[in-house]
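One structure is given here, and the rest of the page talks about it.
Should a chain be cited, it is by its letter among A, B and C, assigned in written order, with residues numbered from 1 in that chain.
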Amino acid sequence: MSSVPALPAFRPAGVLGAARKYLRIFRVSLVERLAYRADFLLGTVLRFLPLVTSVLLWSAVYRGSGNDTIEGYTCRQVIAYLLLVHVSRMFSSMPGLASGIAREIREGTVKRYLVQPLDLQAHLLAYRAAHKVAYIVTSVLPYAILFWLMRGYFEWPGEPMVWGAWLASLLLGFLLGYLMEFALGLLGFWFLEISSFLYLVNTVSFFLSGHLMPLDLFGGRMAMFLKELPFQYLAYFPASVILGRESTESMVRGLLVECGWCLAFFVVGRIALRFGLRRFSAFGG
Amino acid sequence: MEGGKDAGIRRGLGSYFRLLGAFGRFSLNREMAFRGNFLMKVLLEVVWLGILLLFFHTIFRNTSRIEGWNEYQYLFFLGCYYALEGLIETLFLENCVEFGELVRTGNLDFFLLKPIDEQFLLSFRHIDWSTAPKILIGGALMGFGLWELAEPVTLARLGGFLVALASGIAMAYSFLLMLASTAIWMVRNQSLMELWWLFSSLMRYPRDIYEEPWAVLIQKVFTFLLPALLVVSVPAEAMVRILEPAILGWTICAGFMMLLASRWVFRKAIRSYRSASS
Amino acid sequence: MPVPSASRSGFAIEASHLCRTYRVGQKKAGLLASLRGLWKGETRTVEAVRDVSFQIGHGEMVAFLGPNGAGKTTTLKMLAGLVYPTSGTARVLGYTPWEREDSFRRQFSLVMGQKNQLWWDLPAADSFELHREIYSLDRARFDRTLGELVELFGVEKLTRQPVRELSLGERMKMELIASLLHEPGVLLLDEPTIGLDVVAQSTIQRCLREYNQRKGATIILTSHYMRDVEALCSRVLMIVQGALQYDGQLSGLLDRFGRKKLVRLQFEGAVPVGLDRFGECKITGPVAELNLEKSRVAQTLSAVVDMPGLVDLSVQDPPLEDVVAMAFGSGATQP
C-alpha cells in the first residue's frame, strides 16, 4: 500500500481513539483494495470471456461433427490455437499507431520531424517497443494463470529449435505489425480523414490474420491463398509454429518470407514518408 | 414520479411516435451531411457480415449440427442475432454512450427541462442509421433460413418468437440504460462500449453450448442473474426449434423486470444528478 | 398564454428562505473513487445558497448580480426545477418548480450562455422543428411565432445553415429563438451574452426587451456585463456568498456602494509629483486619475484647481463594474 487517502482531522482519545483511527485506515484501505480488485476482475473477464465462449463453441462443433479432427486439427488444438493467437496479437497489435500518425499529420505536429534530426519511423518504433515491453510484462501473470488453467489443451513441443522459431516469429510479428501500421498511417498525408478506413482494415486484418480460427480450417484454396498474405504472420504463423504444425523446412521458409515482408513494408514506409513529408512541406502544413 | 400522470393525459402515444419519427428524420439529415463517413460505416457492417458468414460456412462444412442446431436453424439464429444487435445499435447505443458525456458537460440539464419523459427523450434522440442495414440483413438471413428449413410457421411459433424478441430487446436496452445511468455516480474505467461488447458476445452463440459441466455456472448466471444468454437464443428457438413455455415465460418475465429495474435506476440517477448539481 | 389561476394575481416568482447546501467530494476515475465517495468523511459541505427570499412580479425584468460561485446559477436552477433546495419554498407561475410538472415545463425556458442545445450539425430550423414536436406545439401557432422571432432577431438568412457554421453571436440568437418558441411566460437567462461582441450583445438586449414588452414575460438574468444589466433591468438582486445582499433599484446600488468619485486631471506637460497625497492616484501620460471619497471631492478640487499646467478637469462616477465589484467585496470577506 503506497498511499493512504487523506483522513479528516482526528482527535485521538487514548487507546480507544488510536484503535478507531487504525480501524478507519483499515476500512478505507480495504475498500480501496477491493475496488481495485473489482476493476481488475472486470478487465480480466472482459478479456477472457470471449475466449470461454469460443472454447464452448468449438467443443460443440466437434461434438456435432462426430470427427476427431477437422483439417488436421483436434478440438484441443483449435482451443490451444485460439489461446496462442492472443500471444501473437500481444506482440503484433499496434493500437492507435496509424490513427496517431494520421492525427499528427492532420494537426501539423509532424512538422517537428522536418526540423529536428529525428526520424519518424525509428522514433515511433522505439516508443512502441518500450510500450510493448511494459504491456507484455504486466500481462505475463494473467496469461500464465490462464495457460495453467487450460494446461490440458496444450502439448508443448520438446525441441528448443521450435521455441526459438516461435520467439523469432513473435519478434518479427511485432516488427511487421509495426511496419504495416506505420505505412497505413502515412496515408494521412494524402487523405484527410482515414479513421473509418483504418477501422475497416483492422476488421479485415482480424479475419485475415487468423485471429478468428486457424486459417487451415477454411480449407483448400482459400487457406492456401490466406497463407500467401502478410497478415498471417500477425497471428496464425507464430501459433502454428508452437503448436508443432510446421516442419523445419516450412518454419525456416516462413521466417524468411516474413523477413521479406518486413523489408517490403519498411521500404514502402520509407518511400511514403519521403514523399509524404515533401508534400506536407509543399502545402505548408 | 414527477408529472408522469399529467404527461399521460396530455400526450397520447401518437405524439411519442411522431417525435420518434422526427428524431429519425433529423438523424438521417445529420448522417447525410457526412455521407462518406456514413457509407464507410455501412461498408464496415457488410464486411463484418461477410466474415461472420464465412465463419459460419466454414464451421458447417465440417459439421452438420452445433448442439442440435442444424445449418439453417443456425442461420436463422445468426440472422436474429444480427438484426437484434443492429436494432439496439441503431436506436440506443449512441444515446447511451452520449449520456455520460451529457452528465460530464452538464448539458443533461436541457433534457430535464423539456415537458416530456426524460427516459424517452434520452433513449431515442439520436438514431444511428448507419447500423440500420443490419436489421434488414438480419431479417433477410432469418427469412432465408426459414425458407430453406421449409417448415410451416405456425401462429404459435410466430407469436412466441415476437414476444421473446421483444423481451430480448427490452433486456439488452435495459442493460445499456442501467450501465449508462451509472455515469452519474462514477467515471468508469471500462467504457460502456466495451461492456456492451461483452454482453453482445454472450448473445452471439446459442445458449446450448454452455451445457458443459464446467460452464454450467456461467449458464446459470447469465440466464437467471443477467439473462444475456436468453436475448437471441429464446426467440430463435421459439421459431425454428422447440417452443418451450417455461423458458419463454421466464424470458418475458425477465425482460419485463429488467425494463422496470432500468427505469428505476434511471430515475434514481436523474434524481441523484439533481441533488448533486449546483 | 395560459397561466394557472393560482398565479394570476400576485407574483410570477416567489422564493422564500431558499437554502441549498451540497457536499463536495472529488470524483475520480474508477470504481475505487466512487466507493471512496461513500465515505462521508471525505466530503465537505458547501452552502451554495443561504436563506434567499424574493418576489418578482409578472412582466418584471430582474438581474442577479454576484461574483462567480456566489450562488446565482444555483438559484436559477432551483427556479427551473433542476436542483432541489435543501430547505425553503418557491413558486413559479403557481407551480413548485422541482415537482417538474409537464405543464410547468411548457411555460418557462432556461438559457445558458455557455451551453448549447441545438443540434450542432443541422440547420437551426431543424432543431426548431424538433422543439415543436417536443412541446407539441400547434403548427399554425408555431409558424407564426417562429416567423416573428426570426424577424425580431434578424436571422432570416441563417436558419437553414448548419449551426456549427454560425458565429457565436448568431448561435446565441438561435438558442434564444429556440427557447422562446413555446412562448414561455418566464425566461431564465444565465450569462446570455457571454463572449459576444458589442453589436450582438445589443441586438440580444433589444430583442429581450421587445419580447418582454410584447408577451409580458417575466425575465431573470445573470450577467457579468453590466451593460446588459443597465440596458434591461431596473431591479437587481445581489447575491454574495449564497446570501441576498441587496434587492432594489440599480440606481440604489450606486448610491449605496458608489461612495467614491473619480477626479480626472489633465496637464499640459508632465503630471506634477505629490498628487498621491489626496488619495489613490493613477497616472497615464499627462493624465492623472484620483479615486476619492465623495466627502473629500470638494476640498480636493479647490486644492488642485490652481496647480500650474492644469488644462482640464472633470468629476465622474466610477464605472458600474467597479461599484459592483466593491459591493461584492463589502458583502463578503473574500471576493
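We take it that contacts are C-beta pairs under 8 Å (C-beta built on N, C-alpha and C of every residue); 3 or more make two chains touch, one makes a residue touch a chain.
Computed from a predicted model, the values in this text were never measured in an experiment.
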Taking each chain's C-alpha mean as its centre, the one farthest from chain A: C
Distance-to-centre winner among chains (Cα means, whole assembly as reference): B
Mean-CA-position distance for chain C and chain B (Å): 44
Computed distance of Cα centres, chain B from chain A, in Å: 29
Where chain A and chain C are represented by their mean Cα positions, the distance between them in whole Å: 54
Residues within chain B bordering two or more other chains: 189
Shared interface positions of chain A, touching two or more other chains: 39
Residues within chain C bordering two or more other chains: 30-31
Partner chain C, residues of chain B touching it in the complex: 2-3, 6-7, 10-11, 15, 18-19, 22-23, 26, 29-30, 33-34, 105-107, 109-110, 112-116, 121, 185-189, 274-278
Touching residues (chain side chain C, partner chain B) in the complex: 20, 22, 27-31, 33-34, 37, 46, 48, 73-74, 77, 80-84, 98-106, 109-110, 112, 115-117, 119, 121-122, 126, 129-130, 133-136, 162
Partner chain B, residues of chain A touching it in the complex: 39, 42-43, 45-46, 49-50, 52-53, 56-57, 59-67, 70-71, 193, 196-197, 199-200, 203-204, 206-207, 212-213, 217-219
Contact footprint of chain A on chain B as seen in their complex: 36-37, 40-41, 43-44, 47-48, 51, 54-55, 58-59, 61-67, 189-190, 194-195, 198, 201-202, 204-205, 208-210, 212, 215, 218
